[in-house]
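The following pair of complexes shares a single chain, chain A, combined with chain B in the former and chain C in the latter.
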Partner chain A sequence: MDTQNTILQIDHLKTRFKVGKKTVYAVNDVNLSVARGHVQGIVGESGCGKSVTMRTVLQLLSPNAYIAGGDILFAPEPGGDAIDLAKMDRYGEEMRAIRGQKIAMIFQNPMASLNPVYTIGSQIMENLLLHEKVDKEEAKKRIINLLAELGIPEPEQRYNEYPHQFSGGMKQRVMIAIAMICNPGLLIADEPTTALDVTIQAQILRLMLELREHHGTSVIIVTHNMGIIAEYCDDVAVMYMGRVVESGTVRQIFQNPQHPYTRALVRCVPVPGMPKTNDLETISGSTPDASIAFDHCEFEPRCKFATEACRKGFPQAVECEPGHMVSCFARGGQS
Partner chain B sequence: MRQYFIARFLSIIPKLLVITMLIFFGLKLLPGDPLARLVNPEEMSGASLEQMEAKREELGLNDPVIVQYVRWLGNMLKGDFGYSLTSHSPVRKIIAQRFPATLEICGLAMIFAAFFGLLMGCQCARHRNTALDYGNTVIGLIGSSFPGFFVAMCLIMLFALKLKWLPTGGRMTVGETGLLARLKYMVLPSFCLGFSMIANVMRMTRDSMLDVMNRDYITTARAKGEKEGVIFAKHVFRNGCTPVILLLIGRFSLLVGGSTIIETVFNYPGMGMLMITSISASDYQVAMMVLLLAAVMVLLLSAVGDVIIALLDPRVRFGKA
Partner chain C sequence: MAEEQSKHLLEIKDVKKYFPVTRPGIMKKTIGYVHAVDGVNLYIDEGETLGIVGESGCGKTTLGKCVVHLYDPTEGEISFRDDGGSMKDLSKLGSRENMEMKRKIQMVFQDPYSAMNPMKYIWTAFDEALKIHGVKERKERYRIASEMMEAVNLRPDYLYRYPHEFSGGQLQRICIARCLALNPKLIVCDEPVSALDVSVQAQILNLMRRLQKEYSLTYIFIAHDISVVEYMSTRIAVMYLGKIVETATGENFSTKCMHPYAQALMSAIPIPVPDAKKDEVVLSGDVPSPIRPPKGCRFHPRCRYCTERCKTEEPELVPVDESGTHLVACHYVREMLQNRLQTAKKEDSNAGQQDETSAV
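Showing the complex of A and B:
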């Protein structure tokens, strides 16, 4: 792994859930590489395993979930050694030292992500004091400065207020403050704006870009919104049924989509100025049941280009242009 | 915050007025001469009809009912609860003896039920669907499904008659009246009262904690790198114990009711026993006052419960649920 330019590299990751006697194959074979200092987008429809993949990175999984294989290599320092997060004990000291300090995460629903009984100041403080030895006065000053930087008006006063006194957008800013207070190298935003209205969405996403500028943080944005990917990300990975089917720069994916699924995703979003007579493309069918293990390409049942080869196995990723990977038999993939 | 507390305690007053009114009119409806309940009967023995009529006028028994009610309320506030029909001593004196006794065993039972209910419930939540969870549930179910008097008799047989560790009943021995000396008389009745509550408290604790453990803010705490034990103590417990506190407070009134049986079994001179003896002896004045006191207790406790919840949860404090 090139730790100079890569901060996170996920290899053949598999995450599964035990639900009664059934096994849910949420993440089947994810290969993903996040460039240092970049904003990486992860896109896919609901239930394709994008959130589970990101939660697996920090092992913030429910007790019935387990990692069935693969590596999550994380390199906090450029040129330094990479550590394998997938091999760590979920409740162990090593993992806890990573969480909140080296890799921080913000979640989909800011309304429910803050503990209602503590002031927001103390909730940010909790993260800071867990990882750094600072005295409380100093810590408070740092938190207030960060709140101001994140565009929260009257931060001194807001410091002592409770989550229910904040609006949704402000709560998400507080969540970002919790995530950023220890200056993590990587910020994972799991659908950070899905629960917010469109104007607030733009503010929050722009804020995350600013953080990248000022703190050099690498960012992963998980979303199902192609517009967000196009506007805020450098690179993008397209996921389908627990696999990354295509990845590359935003320009590559949008201008030259290769995988049939990506093509459909790109074409199902209306573009301003497109002729009114154009039909938007739809993807027929729905995602298969994740509790049934596939023995061949998961997209085959919905794919217009499926051939006999697609029913025989999984396509390996091929590089169709520099940095642009696609996994599809129709695009020259081999099983 | 202070405003909330004041408002909460002031809100007791109208409820109290309704209760006192019900009890006052209840007393009015009772058969017999009210004079007998209001005046020391020894003082009135051998009085002529004229004297009695004069006394009646003096006490205002011929006044309109509302005036009488207000006067009665005033007397109550002064601590004048009337006289017992059977023992002829002031009701205030009788209650002053019995009330602390019941408060002691009910209080101890509450502490017992709250401690073990919360402890076992939290264990169940943290180790859900394991042997510990099922074991605790079984213990709790035994407590709630065996009737109190049965458990009481079993305990008397074992600890009082066989092992002779604890007395079979009563409240204190002559010459030993300190709290510590009374404690050995309190243990068994309190245990019986509390045991029946454990299952409820435990179940409520378990479900409430599990509910909180699945909330998003617990994942946030975990994402900060906080230890599991700290997450439970700091983030789960404080949010999860609110419904349990409400349950405990609500149960306290049932506890006072349940203590009638337990007090009878243990021959423990508390309010429950007083209630039984006064009703069977048609001593209405005493029975009504016991009722009134129980009602006041329930009102006060529910206010205390709300205050505790407000201290735990800022959304309640700031008037937004």
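Showing the complex of A and C:
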């Protein structure tokens, strides 16, 4: 792995859940490489395994979940060594040192992640003191500076206030403050704005671009919104049923989509100014049950281009132009 | 003017809907009002789709519920054209007429699961609705229900299934079918695709457009995604804190809108086109509380053009084009129009010069 330019590389990752006698095949074969200092988008319809993939990176998994294979190579320093997060004990010392300090994560619902009985200042302080030895005065100064940088007005006063005194957008800023206080190299944002209004969403997403600018943070944005991908990301990975089926730069994916699923995704959303006489492209059927293991391409039942090969195995990724990977038999893939 | 008015299917005049805010305790004392809808004027022509956009809490759903008569407006009048062609105030109808009007105006909700009884076959939803509206024979009710299921591309035997057996997209199609069964003229669609995945969203939007043609329907289409609203609507209204701040035809709405809020909203909505050229208007702050909406122009605390006048005097909706269909509520709309004309002229003359130089 080229740790100079890559901060995170996921290879053949599989994560499963045991639910009674059933197995849920949530992540089936995820291959993904996140470039250092880039904003990486991950897009796909609900249930395709975006959140589970990201939680696996930090091993923030429920007890019935297990990693069935694969590597998660993380390189905190450019040019330095990469460590395999998938091989770490999820409750161990090493993993705790990475979680919240080197890699931070924010979630869709900021209300659920904040403790209502503590001031927001003390909640940010908690994460800082967990990872760094700083005296309290120094820590408080750093927190107030960060709150100001994140656009929270009157930060000295807000420091002593409780979550319920913050609006939804302001709560999400507090979550970003908790995530950013140790200056992590990688920030994972799982649908960070889905619960917010669009004008607030724009504020939060622009804030993430600023963090990248000022601190060099690499950012992963998980979303189901193609607009957010087009407007805020550099690179994008498209997921379907626990697999990355296509990845590349945002321009490559929007202007030259190769996988039939990506093509449909790009064309089924209306864009301003499109002729109203055209029907939107649709995908027939719906996503299959994740508790049934596939022995061939998961998209085959809904695919217009499926051939005999598609019913026999899984297509491996091929590079169709530099940096643009696609996994599809109809696009030159082989099993 | 008289000729134009005869096209209106629905008219909304100065409609207000306030919800009392009570102090908790035994003595429920009203301590204020949520000004959910606060003086809305709109009309809808037959066969058109009126899109309503705005952020959550601005009163879109409340307005929709007033239109379908689920709420009585606190003030104002909503009138609907009857078969004879005259406008009837919905709040002043006799009970028979009232039932008839209720049948003609239907609503589709954002969450189809909460619109259906989870304990009953979906057939029951059709059966009850048709019974209320006077279809006496069971056989006839079943025939209509089956026909409507087919119209939304579902098998009639699905009628004997429970809501949870369907995906969100399928159940939304069933909700649409139930509306259609009553043979309505107007359907208020309240964020019908917001909870759905994009590929399913496309199926529903295509279906709604086809049904509109087949059954001569008029839609009010409420959403917060401007790309979707622009694609669906013949005319668009932008709402902010209980008021309409701008309306215009749907063609290129996102580039031609003029109200500072409408522009900021358009700029905030991400568009699925990489490198799309957009004016960057970042709005600071949150939407103020509708319990005590700001004085003057409601948008003034967040507006970058705000002056003293905006803080005290409320702007009216005024026409900015010759046809009078493009209305904007902002004190400085004339100046903005002037600016836009000047920029357009400059671009024209620049283009002209380039033409000349290339000709030489």
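Everything below uses one rule, namely that the second predicted complex is superposed on the first by the 335 of 335 C-alpha atoms of A that agree within 3 Å, B and C clash if a C-alpha of one lies under 4 Å from a C-alpha of the other, contacts with A are read in each partner's own complex, and residues count from 1 in each chain.
We take it that contacts are C-beta pairs under 8 Å (C-beta built on N, C-alpha and C of every residue); 3 or more make two chains touch, one makes a residue touch a chain.
Computed from a predicted model, the values in this text were never measured in an experiment.
Student: So if we stack both complexes on chain A, do chain B and chain C clash, or do they fit?
Tutor: Aligned through their shared chain, the two binders fit side by side on chain A.
Student: After superposition on the shared chain, which partner residues are touched by A:266: those of chain B (first), chain C (second), both, or neither?
Tutor: In the superposition, A:266 touches chain C alone.
Student: Which of the two partners, first being chain B and second being chain C, lies in contact with A:167: first, second, both, or neither?
Tutor: second
Student: Using C-alpha centres only, what angle sits at chain A with arms pointing to chain B and chain C? Round to the nearest 10 degrees.
Tutor: 80
Student: State whether A:279 touches chain B only (first), chain C only (second), both chains, or neither.
Tutor: In the superposed model, A:279 contacts chain C only, not chain B.
Student: Go through the superposed model and pick first if A:105 touches only chain B, second if only chain C, both, or neither.
Tutor: first
Student: Considering only touches as defined above, state whether A:245 meets chain B (first), chain C (second), both or neither.
Tutor: After superposing on A, A:245 lies clear of both chain B and chain C.
Student: Residues of chain A touched: more by chain B or chain C?
Tutor: On the superposition, C touches more of the residues of chain A.
Student: Look at the superposition and give the distance in whole angstrom between the closest pair of CA atoms, one from chain B and one from chain C.
Tutor: Superposed model gives a least chain B-chain C C-alpha distance of 10 Å.
Student: Considering only the defined contacts, which chain B positions touch chain A in the complex?
Tutor: Counting only chain B, the residues touching chain A are 215-217, 219-228, 235, 238-239, 312-315, 318, 320.
Student: Note which residues of chain A are touching chain B in the complex, please.
Tutor: Those residues of chain A that touch chain B are 58, 60, 91, 95-101, 104-105, 107, 109, 112-117, 126-127, 130-131, 162, 164-165, 175, 178.
Student: Any idea which chain C residues touch chain A in the complex?
Tutor: 55-56, 167, 169, 197-203, 205-206, 209, 224, 226-228, 230-231, 252, 254-255, 264-265, 267-276, 282-284, 286-287
Student: Quick one: in the complex, what on chain A touches chain C?
Tutor: 45-46, 167, 169-170, 197-203, 205-206, 224-232, 250-251, 254-255, 264-266, 268-274, 276, 279-283, 286
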